[in-house]
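Note that the chains are named A, B, C and D in the order they appear, and that numbering of residues resets to 1 at the start of each chain.
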Amino acid sequence: MKADDTFTTDIGWSTANSITVFGMDFPSEILGSLNLGDMAFLELTGRVPDANESRMFNAMVVTLVEHGLTPSTLAARLTYLGAPEALQAAVAAGLSGLGSVFVGSVEGSAKMLYEAFAKDDSEPLSTIAARVVADFDARKQIIPGIGHPFHKPIDPRTPRLIQLAEETGFRRKHVDLVLQISATAEKKKGKELPVNATGILGALCCEMGFDWKICRGLGVMARAVGIVGHLLEESRNPIARKLWLETEERATRHLREATGNGTVEE
Amino acid sequence: MKADDTFTTDIGWSTANSITVFGMDFPSEILGSLNLGDMAFLELTGRVPDANESRMFNAMVVTLVEHGLTPSTLAARLTYLGAPEALQAAVAAGLSGLGSVFVGSVEGSAKMLYEAFAKDDSEPLSTIAARVVADFDARKQIIPGIGHPFHKPIDPRTPRLIQLAEETGFRRKHVDLVLQISATAEKKKGKELPVNATGILGALCCEMGFDWKICRGLGVMARAVGIVGHLLEESRNPIARKLWLETEERATRHLREATGNGTVEE
Amino acid sequence: MKADDTFTTDIGWSTANSITVFGMDFPSEILGSLNLGDMAFLELTGRVPDANESRMFNAMVVTLVEHGLTPSTLAARLTYLGAPEALQAAVAAGLSGLGSVFVGSVEGSAKMLYEAFAKDDSEPLSTIAARVVADFDARKQIIPGIGHPFHKPIDPRTPRLIQLAEETGFRRKHVDLVLQISATAEKKKGKELPVNATGILGALCCEMGFDWKICRGLGVMARAVGIVGHLLEESRNPIARKLWLETEERATRHLREATGNGTVEE
Amino acid sequence: MKADDTFTTDIGWSTANSITVFGMDFPSEILGSLNLGDMAFLELTGRVPDANESRMFNAMVVTLVEHGLTPSTLAARLTYLGAPEALQAAVAAGLSGLGSVFVGSVEGSAKMLYEAFAKDDSEPLSTIAARVVADFDARKQIIPGIGHPFHKPIDPRTPRLIQLAEETGFRRKHVDLVLQISATAEKKKGKELPVNATGILGALCCEMGFDWKICRGLGVMARAVGIVGHLLEESRNPIARKLWLETEERATRHLREATGNGTVEE
């Protein structure tokens, strides 16, 4: 059947007594051999990582798991308050906001670095970096992956990720370029613009050959892990109800004060 | 084809020059004739409401549209902060928490009322109500749809919905029973337990013959309308970023104070 | 408190015995007076629609409620299969895909029309339309809101929506421009490119003064209504399980055939 | 401030030059030391797993990552079709259906095993198992975690997970009980009812001391990883559009055949 030739998945399938995932026997070749990060690498590349890839990739995803009380974990906690019987819906709500503003900068960094080399691969890094900075300035766009509102002078995750990249053989041209872009931008603008965690992660996605479009997927899978942790804490030490009631009272105070006393309702 | 006999939808279909929805010609018979609530009624029943049904049903769904800053609208706003380019994801996040805790009481009320009559339809309402209250007490369960944490002595929506039910011919036995249950419970427990909006809505769902399992659907579709309104306000007068940053600072203060100064990061 | 001046909502609030929405007493001024579409209009504009606005706006949203078995309603049905106890999560899943590909063309049309007049409002429509078509051609972009893969020669919803616009006084310059753009493009390209439903809806959003960024919201709230209808049908005449099992079997056939017989698992 | 004493998170916080997660210095103590499964274990328990815990826990989550074309991955693919720019929304849609029907059986198994020992811990396993089976029979409920529609006579993941449990010291009383329950049920009912993957995973969650309410969280985080893999495949070898168009045509054929030819629309 011609039509069905293109209606296929190659990821997983099974028979009555076997389960195959990416061409491997799942029970004997994957279970007990691959950790969760390795399994994620397998999902993204179709092959098992070697020891260096495993170490680097696990560190990359682990970086994205936990960021404390973010808009995303707050949305998940508020959702859990209304539907504690549907934990999956609370995780889904938390993931829904991982868009252009926060997690998007990993893909922004990867895209910038890929495109910089695609345009001209032969020039010295300093020339390429200068061109990238000039291009972003000309378009009045913020350079993704450099600068951080709180972590100054440096993002503490960046040197550690670079160290791991060196140990595993992933400090290559994309990592060097993002560092060069940071240095160039700092000099040009006269202020601290260190490579932040999303900048170095974007570079490492390039070193691993990931399509920039899938970078967001790393953040999404990692945050799913972190959000489950926050929901467990919420179930033991809830803050969502109080946050809601206080917020409603506070944000409607100007209306209630104009007419007399009142209170919050649901 | 035998198999396909059960693989069907009867809701909508189209040809190159026609669109049919629930057996009606969509452009000529629905567009311009049905308002949005009527269209929702058509989705739930497969037929166009008459004038009384239209008035009552529209009031029922309108009741559920707007409840101010709820956990649901806050989750939507926090999601929009991270992904303003994906408004649909913010609405989805807001809807995800419409579970057992808040909207669930409409279906709880409808289920209780259906089951009360299913058990024995011939007794006087006062007897049925006494039995319902006793059963919930015996199971140490809260009776759905009566009592309200803020709206005391009465929920201001309840008398208006009852008035509309009278005007449209929907004040029937389920409405009467929920009122009787409230009166019985108040007498037995010696405190105010008025029928709240979800209690009367559950009764009205019964009067309209809706399966109690679909009651939640009324709340979900109505809140989708309200959440879009909140996202529009959020786009003009944002509160999510401030809410997030303050909440993180406040909830981690005890950790930062133990070690010295610090600040919030994302 | 200075800070709280900007931490406000003006949509809704309540006291023990009153509920106020957009400055109106909810029970007496909204319940029983506004239909669901009117309530949606109130959410988007902060005011009650007049009779013409009510008729036109209700028709606009109703247009977007039901499109049969779309990717969106299929995703909702497949979600419901796994979590029938969480109807809200199935609706959320169905809404999540209302992005750039389908519903996005309403906002694309509105944006195009707003920008066309913003650039130069004084020229004749034919000149503006020619400029718009030339601009899209130069950028090799598809003009949003014109052409339809199935509805040929015309989208049957378009003439009805135009008729309603005429009856309600909303056939104004944006409606005329989108028709002119269609005519210009048809002439230039020598093929049928009729204004489709999303094109006329985008124009009507402009006539109503809606921000183009909120156009997607109309589609999202409308589809929430339609998805609930599909989930009700799914609960009575399920297709999701069969769709899943057949799809898995079919898409993995090439793998199983390569190794011997097998069957689907979950 | 008294109120704030209970408004706290202990998971993560940061200063300008440090990031702390579960009391550990994130860059130096977690990055490069913990794999993604270890990080998930940290989220669930607040501590780093030892070598045996790491191996067993990683295998448990890895078991849940990939199940081929499930309702969940199909919902994600269909969502991606409409909003490819919002990958996170497609993952969220896919997770939304991980409710009572599929992933729920892990928590069902864990709950059953915890409750069996809570009732009476002193009896021999065979007695406890007989009581559990009799209780489920009396309630006409299906025993969670045993039997499988396709994997017969055994689920190939089960012996491997038991082997790993033995190697890591996690074959303890809950694992033994679920095996005993399976044997008892098989004898009583005269048919194959092997412990399936969810049954053994539920038992292992008990051995690790996880609250049964958080078991679903393991499935949710694991599937987030798998869904990203499916979306990557969908972006390269799409099936969602074809699945949609064929399904609509097929499911509305009976309507179109009744009136003449027609075609699908969106």
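What we mean here is this: contacts are C-beta pairs under 8 Å (C-beta built on N, C-alpha and C of every residue); 3 or more make two chains touch, one makes a residue touch a chain.
Computed from a predicted structure; not experimentally measured.
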Fill in the blank from the handout: Touching both subunit B and subunit D we find A, C
Practice task
Look at the interfaces A-D and A-C and say which one is made up of more C-beta pairs in contact.
Solution key: A-D
Problem - Distance from the mean Cα position of subunit D to that of subunit C, given in whole angstrom - result: 35
Exercise for the section: Could you tell me the distance, in whole angstrom, between the mean C-alpha positions of subunit A and subunit D? Expected result: 22
Practice task
Mind checking the centre-to-centre distance between subunit A and subunit C? Centres are C-alpha means, answer in whole Å.
Solution key: 30
Fill in the blank from the handout: Contacts with two or more other chains occur in subunit A at residues 7-10, 12-14, 16, 18-19, 67-69, 83, 85-86, 88-89, 92-93, 96-99, 103, 150-151, 239, 243, 251-252, 263-265
Practice task
Between the chains shown, work out who touches whom and classify the graph as line, ring, star, complete or other.
Solution key: complete
Fill in the blank from the handout: Residue set of subunit D touching subunit C in the complex reads 67-72, 74-76, 78-86, 89-90, 92-94, 96-103, 148-151, 239-241, 243-244, 247-248, 251-252, 263-266
Completion exercise
Per the touch rule above, subunit C residues touching subunit B in the complex are 6-14, 16-19, 21, 26-28, 30-32, 34-40, 42-44, 54-55, 58-59, 61-63, 65-69, 86-89, 91-93, 95-99, 103, 150-152, 154, 156-157, 159-161, 163-164, 167, 211, 213-214, 216-218, 220-222, 224-226, 228-233, 235, 237, 239, 242-243
Practice task
Could you please specify the touching residues of subunit A with respect to subunit C in the complex?
Solution key: 4-5, 7-10, 12-16, 18-20, 83, 85-86, 88-89, 92-93, 96, 250-256, 259-265
